[in-house]
Amino acid sequence: MAWTRQEMANRAAQELQDGYYVNLGIGIPTLVANYIPDGVDVTLQSENGMLGMGPFPYEDEADPDLINAGKQTITELNRTSYFSSADSFSMIRGGHIDLSILGAMQVSQEGDLANWMIPGKMVKGMGGAMDLVAGVKKVVVIMDHNARDGSAKFLKKCTLPLTGVKVVDMIISDVGVFVIEENGPILIELAPEITINDVKERTEADFLVDKGLL
Amino acid sequence: MNKLYTDAEAALEGILFDGMTIMAGGFGLCGIPENLIAALKKSGIKDITAISNNAGVDDFGLGLLLQTRQIKKMISSYVGENKEFERQYLAKELDLEFNPQGTLAERIRAGGAGIPGFYTKTGVGTLIAEGKEHKDFNGETYIMETGLKADVSLVKAWKGDTEGNLIYRKTARNFNPMMATAGTITVAEVEEIVEPGELDADNIHTPGIFVQRLIKSHGLEKRIEQLTTRPRQEG
Amino acid sequence: MNKLYTDAEAALEGILFDGMTIMAGGFGLCGIPENLIAALKKSGIKDITAISNNAGVDDFGLGLLLQTRQIKKMISSYVGENKEFERQYLAKELDLEFNPQGTLAERIRAGGAGIPGFYTKTGVGTLIAEGKEHKDFNGETYIMETGLKADVSLVKAWKGDTEGNLIYRKTARNFNPMMATAGTITVAEVEEIVEPGELDADNIHTPGIFVQRLIKSHGLEKRIEQLTTRPRQEG
Amino acid sequence: MAWTRQEMANRAAQELQDGYYVNLGIGIPTLVANYIPDGVDVTLQSENGMLGMGPFPYEDEADPDLINAGKQTITELNRTSYFSSADSFSMIRGGHIDLSILGAMQVSQEGDLANWMIPGKMVKGMGGAMDLVAGVKKVVVIMDHNARDGSAKFLKKCTLPLTGVKVVDMIISDVGVFVIEENGPILIELAPEITINDVKERTEADFLVDKGLL
């Protein structure tokens, strides 16, 4: 039984460590904030210029001057600081953020990521994604394992324009979890009732399987 | 030196021309110079190269200048919220240069800081790197990006004094401080104008040297793009 | 995460080693981390490469570490106030790399911001440019300077909260904010430590992400290098 | 009769225009602040991180956290802002300062400046001088026209290590004022009772003489 979006977010939250500074992308990654383990204190960065992002506001508290990188209204915490976009990306590019969790259209077995453009269709822009994958210490992708038409998204090589080369450290999909190491991906966890063969059939990338799953 | 102008039109008088490069602060619709954009629309100048992280929405922000076809080229990181933009771009009526958001922010800072080029890892191996100089530092490959300047920068601040010292509020700061440094002329739109000495000198985000003209904002809409709330717990 | 340590010695425990690179904030004796420098002296580590705009005076600031011969190399812009420095340098007991002050500041900012190199006009045609890559932009020649990082940065702030958010006071800010970003580990010495929420989020100069350890300053001397005053007008 | 230090500072102050942002070097340039013409409002920058520098403090007001680039205690004004050294030199390097007035050991007829080092003697460092001459819109040198041993300081070529190449726009010395233009220096003013011949004898650089002095 494949993981739901909530279960993927919950699994991703297990990568958080106490004291981490974390940037969460738009979509499923945003849900990770709901599953932060007890006793783990993380600080969320929003690349539009905020460290210490709080929850969504109550309706009467929404402030047009206080939004996240997805343009959603949010709130501040008592630890919050604000800064310019240049300072924000100095933080990101300079390797000060511990973990970035973001979505993907495609990931290659070498850790290349494509998540910003489909040629011929409208190009919305990469926003801060290229900076995040280039600068953040650890990059975790959360994605559906296959596209809506069933085609593989975890590939030998990405066919879409890249966001970054050899940048993805971990993939959490609805069928399982891969870590991408120097000599290739390793499947380290399976969703309930999903078999290694299921994963192989739904994956184009070559990968090893962790001993614990054999 | 009196930097204070009566309104946005007066503040833009004599500094606009067809084909000019304009930076406009803001992230989405947060922290945009609403009055100055309206006056820019009214000016009717054409063939603007606009440097701004986003392109507004169809009927607000820089979207207003797309409606009137005043913009020839955009340099942005994300324009996903604007349908008119999409139409003009696909019809090849509009040039577009995408920059990664951090690269865009740093290029603007560099332009204001007298740095004509710098190296970054961002975009190495992607379309963004094509045609750019590559250089290795400590075994890693970086690409060179160049500084960006503007003929005029339009920024939005929360408080400002008549010397041009500015303070921004929360995430409305975003691209405004760097853009203030990168305009040959910087015009600031400010919610509240105070006398010199009323702002704490340690808390000023943009020193007055960067601001040549300023106005008090009138009738700000401050539109929220994605109102997202949580319910109050039932008591 | 508890970032607050009981004192300077505790805050430096386990992060010092012979031959390390240390940045120390301050301009002259203004805004220097007095307690941390004292603890560094007490640690007895040797062969330090010290990055700091100045070298203190003979008996204060980084001068204390020159007295004990703990510094092998200085990267500075001006060391004119230190006679022991002069003696050690002329006796070739000390390496020295001069950087123009703005280049030094920018190199440190670049180090913290993931920028391994940038171009500047400063120093073109001087000794500073020798051996450096030259490149023309728009018909003008620039030289490439590289980013600087440190194993440990020691900074001094005025107020800080237990999350590591820092605020500096007046010209004691100087090199401290950039150095805070450029240390693998940054230790901040703070005059007043408050609870999170007591500092205004819009006024924080150094976000807590850059500060791994902090202490409250004790017994600050805050020595004035050049007391210069004017007489009160006779009434 | 050669100009005194005060007279040189006073002459330099005539270069100030209303609204200018100005950086004054250590020594005679500091005195320029005492001669700012009536009706001219200038803002002084101190490269250690301050815009809007006030006068020296009364004795009981000296603040160790408030010094200028010469490490002297100073005061703030109601227009003052503080910033980091990186931001300060972004301001300088980025061409935002209108005028820099500083001292010199030597100036060449092409506008090269030497003012930071005498090889073999102690090297104190260039501080912010190289950044200032490279970045500020207009650079004015105030200096004694000759060294203590009588040797010329305004030369065909500097013999000391340079601070900047082709950076000086104007020299105010005790004998007169030169502007340095694309095709060479022009003597535009003489101190009282100083003749063009006096200046020629005391100068190694080639220079033209403004029509008004002939």
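The chains carry the letters A, B, C and D, assigned in the order they are written, with residues numbered from 1 in each.
We adopt the following convention: a residue touches a chain if its C-beta (ideal position, glycine included) is under 8 Å from a C-beta of that chain, and two chains touch if they have at least 3 such contacts.
Please read all numbers here as calculations on a predicted model, not as lab measurements.
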Pair sharing more residue contacts (C-beta pairs) when A-C is set against A-B: A-B
Interchain centroid distance [CA atoms averaged], subunit A/subunit D, Å: 55
Inter-chain centre distance, subunit A versus subunit C - centres from mean C-alpha coordinates, in Å: 36
Subunit C-subunit D separation of Cα centroids, rounded to whole Å: 28
Interface hub residues of subunit D, defined as touching at least two other chains: 76, 82-83, 89-90, 92-93, 135
Per-residue overlap in subunit C, given as positions that touch at least 2 other chains: 106, 109, 113-115, 120-121, 168-170, 173, 201-202
Pairwise touch network: line, ring, star, complete, or other: other
Every chain pair in contact, whichever chains are involved: A-B, A-C, B-C, B-D, C-D
Residues of subunit D that touch subunit C when the two form their complex: 46-50, 55-59, 61-74, 76, 82-86, 88-90, 92-93, 112, 117, 122-131, 134-135, 161-165
Subunit D-facing residues of subunit B, complex: 1, 109, 111-115, 161, 163, 165, 181, 195-197, 201-202, 204, 207-210
Subunit D residues within the subunit B interface of the complex: 18-19, 21, 41, 43, 45, 51-52, 76-83, 89-97, 135
In the complex, subunit C residues that touch subunit B: 106, 110, 113-121, 135, 137-138, 140, 142, 146, 167-170, 173, 200-203
Of all residues in subunit B, those that touch subunit A in their complex: 27-31, 53, 76-81, 86, 89-90, 96, 98, 100-106, 108-109, 120-128, 158, 168-178, 205, 222-232
